[in-house]
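Across the two complexes that follow, subunit A remains constant while its partner is subunit B and subsequently subunit C.
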Partner chain A sequence: MPPRPDAVNLNELLARIAKSAGLALIVGVLILIFVYGAQGFTSKFNLFNLTRNLSVAAVVGFGMMVVLALGHMNLALGSTALASVMIMGWVMKVAALPVPVAVGCGLAVGSLLGLLNGWLIVKTKLHSFIITLATASMFLGLVLIMFPGGPISDLPREFTGISKTRYFGWVSGMLLITLVAGVVLAVMYRFTTLGRQMLATGANPDAAELSGIPVSRAILLAHTLSGFLAALAGVMFTARQGSALLSTGEDWLLASFLAPLLGGTLLAGGYVSVVGAFLGAMLVGILQNGLVLIGVPDFWVEFVLGLTLLITVSLDRLRNVLAARRGN
Partner chain B sequence: MTDVALKIENATKRFPGVLALDHAALELRPGEVHALLGENGAGKSTLIKIITGVHEPTEGTVWVDGEEVTFKSPHDAMDAGIGAVHQERNLIPRFTVAENIMLEAVPTKRGQVDYAEMRRQAEYWLSELDLDIDPDLPVQRLSVAQMQLLEIARALSLKSRVLLLDEPTASITEHEVQVLFSFLRKLKAQGVAILFVSHKLEEVFEICDRVTVLRDGKNACTNVPISDLNRDGVVAHMVGRDNALSDLGHRAPVDAPTKLELKDVSTRIGHSNVNLHAKKGEVLGFYGLVGAGRSELARALIGADKITGGQVLIDGKEAKISSVQDALRKYQMGYVSEDRKGDGLILAHSVADNIGVTIWHKIAKFGGFVTDTMQRKSVRGFVDRLEVKTPSLQQTLGNLSGGNQQKVSVAKWLAAETEILIIDEPTVGVDIRTKGYLHKLIWEVAEAGVTVLVISSDMPEIVAVADRLIVMNEMQVVGDLPNSRDYDEMSQKIMQSIVGASDLKESA
Partner chain C sequence: MNNFIKSAVLAVTASAATMAAAETRVALVPGGPHPFFANWEGGGVDAVKDFGVASSDYRVPQEWKLDMQNKMLESLVSQGYNAFAVFPGDANGTNAMVSELKDFGAPTVSIAGCTQSPSPVEFCLATDVYKSAYQGTMALIEAMGNEGKIVHETSLLIDPNTQLRVAAVEQAIADAQAEGKKVELYQHLTDVDDQEKADQKINALLAGKAHEFDGLVSTAWVASVVTSKALRSSNNEDLKFIAIDHDQIVLDAIKDGVIQGTMLQNPHGQAYIATYALDKLLNGCTIKADAPFSPTPQHTTFIDSGTMLVTKDNIDNWEAEMKAVTDGIMATFDEKFLDCAS
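Entry: the complex of A and B
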């Protein structure tokens, strides 16, 4: 006799928690290793720096996660962030408008560029990979044309102050921004029509369409959100650097995939884990930070991160194959 | 050589929360066609997947030619001489017919593919099956039926001594069924052991020698000669009670205003001048051969494809439907797809999400907030009413049996309170009990005032269920027949409509 149909399946709930718990455990072990093995890891300066980087990396991960939910990608995350912060910097410094207005402009630019990606994908019906690969270059090129003078430095203290706040002497205040973004996203996916529509679209776009879901709208909004989050990460990064740099976002690509995929978000779409993406960003951030502290050369850090991504997607694939074999 | 080609005993398979197979047994002799029957969820697929090495059994033993074997992968099973044709297509669309047939055994010469030899062997297997197909044609250009026969040819080319056919006749015409059967008889004579899975009992009685029936994962009868059984006996074994395909009873003729009307409708896909109407609360049946354009018309009606001419009237007013959303939200129109896996359902998501998808916009509060609890509250009634067997509403839909999935795909449109419901092949791949249940449900829904358009290639089904029949052929309506529910009379009229239309075309 099957149990009451409304009983929440305990197994499923536990499996869900276990998914993040496993990752949390790995992060914990990694922390322990570096606490004992890496000199200076626990210094207030290092931890502050780590949490600051982490808060940016997690938002970058969220930016990719929201399009992975559709089974899409956004290779233009980095150049979207770049375009956003350069324009923000220009508004702040050259046009000398108030900081909140400038930040608003930056975020708006990011959102618009994301919307453009979504619109192109919906209209051409081409894969997001190729569309965002193209727009990534276009955005980058345009920025370089528009800002031949290079970076915009000496941004007002009022702005850079965002990155200087700290709690307990070592926790970056920017983590708050990341947490708010994470909570909003988690609520969206679990408790709103829009989030459910995005996930349904990702899991099976044809079935979603035939069920009366506004699939195109879901795609447009997800990419807009991705652009917004890219801009947000860019703003946080810029606050930390004190200048709007032309190198903004150039090395984000790997980590942007790694964080959500480590956290259990499916590459194929239809399932996301916000907590997982945050933990994934933690793992990447701590790994980078710790390895550098124990004297591992940069190239090797890069190698390790690439390897981690490969192992993550392979394990995910293996899990699927095994599940299919068990008939699950 | 023993007199048993394949034997399986005590086969048990436990999935999380479900005992799919419970000490099942089966024996295949060389030169027999053995029917494996059972309702959806009875364990047939699981048994087949064990025999073909897709699943490892929790318990149980498999013998091939008297030797105990353990299959670690489908390849092991193939090597042991077990060929299988699954329900799902396993062809590569862009490859040619010859390449597909020889996929597992590509002939080579000095390390290079020997295309001449490949073609020669492929031609041999095609001629064996009496198939008139050009081996150089890409598979994507073939009809569904040809693809089905091609898969059988491929299984044979591996020189299988045991051949598993999972619903091989589901999508082919009567003539092709006969071609297939005469070929199976030839294989029988050559000593191949054939396991034949089908829901069509007529076919089982025509071709099979012995029968094994599964019910709830257990053997209801094992290796019984077909001569010891009659149709009712088989059905009784399958459902565990006599006469489960109960008479639908009587239904009064519908006397209500017209709900839906099509005037000279043409579509982007090629329909032209389609005229028909359906009353409120009427069950309108759509019959036609595969490719007649019924599903395509349905898709155009619900806004998934373009209507290029004519008028669609709903409640007497012209309806402008440019998306499925329009159809659902403005005109309360829904479509149950024939392709549950492809575009009907989201198998990776929960039962609740799959039903809720059509009503999220309705049950949401504060401009878009839907919790799992709210959703469960809205969908639970439908799961109960349709007797969907699931451990919980949060269960992943893909874990349910085909029949239960089908109930879910109907439930999601009932939840949406549709006034016009199009059901495409409501009982394909569904067991007898669920089939009878779905037929009754269609009447119940119509009784409540919903206009139901049923598309079916199953003539007995359409004659039993529909109030009126629309016959389609080559993208056109060729018959609009009141249904007397007398099968012999109606089947004749239907075929006359189709043949008559073709004759007319030829003489023109």
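Entry: the complex of A and C
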């Protein structure tokens, strides 16, 4: 007799809670270590900046998570964000259109570039690694051609004010944007057909196709969503910097993989954890912040982050191998 | 009960006294790694020694990116730094970060380069780049015997300081022509403050077209070093050269007569004066409303940190002469710029 669907769901749910709880425990331990070991960690200024940087990092992680769900990757995440914010900055500053219109344009550009990635993957059947590696370079080149004058500075206070909002004196208002994005994604994967189709495509694209799931549509939509989230992270980053910078997204690649993978999202696709990705971003953000505060040089922080990714991916691989053995 | 009240009063008084004499921890933060800023470190150390400031530390972002500099400034605040002297990573973009530092109660000044006004920085202490480029060009014209064609080596055209330097070189040539001197501009060689580009562009120019011009004036550190090296290796005594800044290669070239001089800036003095002023600002002083700043097109609260020409005649004494420039600014700084009455 096949297992009842709700029984499977309960087991799945428990496993998910266990994974997230483990990560939350590590985050909690790290916080305790830095509260007692890193002078200035609990200052309002530091906590505000920590939550502000976390809110951007988590959205960057979500942007990669939605394509990891397919077993794909988006190496053009950073340059998509760059193209989006430069267009947004131009609309805001040069065309002098209202802030909401400019932000809308930025988000639309990100979504379109994501759609282009998805379309190229569907049409060429090439691996997303190759397609997005190529488009990353193309988007960056186009931006440099279009904006030879460098950054677009002095953006309106109405826009930069988003990054200054704070609650209780230390919680960044931008965290609210991240939480809304997270809740929408969680609901999509948990309760909508589209979300399940994306996960099914990631778990086994051939089986998904055979069972009537519109795989191409799932790929197009997941990459469009990834582009949108990259642009959203870019908008938040730009509000914080006060300028649309050509360095936007340049060093996001490592962080974009770290957050979802630490959170339990599978590199091979088929499973995501929105809460896990948020906790993963928290872990990275707290680690970066705390290490700097206890005087660890920046270069070592980069080393530690790279090592963390390597260990995470290795553990993920080990888990798969053990699961396969148990299956046999 | 009385003892408790006495203790409480003592505690409040002690904490008020501590607050009144806040411990000043200054961070000197350039836009990114560049040899020009290395002398800030000594300026900060000397100010700590001379003025009893708690600390004045030189902290360099890993790369020339505004977000890297902003991240560093954020972490420095968390580490307890409460006053900042920064070279703006972006003339406009840095204003947003400075405004946050100000909200936090940390005064900030921009040194070596200015933010775009209106700006929340207390003032900008930097080289008057127009004056420096003008004097350097005039010194070159004299070294060339008042005739010949001039190449101007400079940084990126989008840098507002480059625009001023270009204008100054052109004005100096125009003024010299008005005096009957037979000089003209051969070329502005831009974007040569980067090692790779400077090597390519300057060596190509000297190898292929050195016979078409008679002198070079540099307003970029790296270009000065590359040109000094190239002139030494080519033994070209016909070309005259006025460099900028105090790289040892440039100073040795002046000593050996390979080049004619260099326009010094005052990075040590910038860090020294900034640390002093920040300590004062953190401890109750304010900037005078009628302070005699020298507004530039970019910045309204500008203070010239000084510049001087070094040639073979004063090469052994330049540090003392530059210190005299710093002492000159310091002698009237309180009177001109600070209001410490309240």
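FYI, the second predicted complex is superposed on the first by the 313 of 328 C-alpha atoms of A that agree within 3 Å, B and C clash if a C-alpha of one lies under 4 Å from a C-alpha of the other, contacts with A are read in each partner's own complex, and residues count from 1 in each chain.
As a working rule, a contact is a pair of C-beta atoms (placed from the backbone, for glycine too) under 8 Å apart; a residue touches a chain by one contact, two chains touch by 3 or more.
Since we're looking at a predicted model, the values are computed, not measured.
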item	value
Subunit B versus subunit C as contact partner of A:Arg166, first or second or both or neither	neither
Touching partner for A:Asp298 - first (subunit B), second (subunit C), both, neither	second
Partner chain in contact with A:Pro151 - subunit B first, subunit C second, else both or neither	second
First, second, both or neither for A:Ser211, with subunit B first and subunit C second	first
Contacts of A:Ala203 with subunit B and subunit C, given as first, second, both or neither	first
Partner chain(s) touched by A:Lys19 [first = subunit B, second = subunit C, both, neither]	neither
Contacts of A:Thr192 with subunit B and subunit C, given as first, second, both or neither	first
Touching partner for A:Gly270 - first (subunit B), second (subunit C), both, neither	first
Residues of subunit A that lie at the interface with subunit B and also at the interface with subunit C	none
In the complex, subunit C residues that touch subunit A	62, 65-68, 70-71, 74-75, 77-80, 90-93, 95-97, 100, 104, 116, 158
Residue numbers on subunit A that touch subunit B, as the complex places them	2-9, 11-12, 190-194, 196-197, 199-200, 203-204, 206-214, 270-271, 325-328
Of subunit A, residues touching subunit C in the complex	39-41, 43, 45-46, 49, 53, 149-151, 153-154, 160, 164, 237, 240-243, 245, 247-248, 250, 289, 292-293, 298-299
Partner subunit A, residues of subunit B touching it in the complex	13, 15-17, 20, 46, 49, 54-56, 302, 304, 323-325, 327-329, 334-335, 337, 342-349, 353, 356-358, 360-361, 364, 368-372, 376, 380, 383-384, 388-396, 399, 412, 416
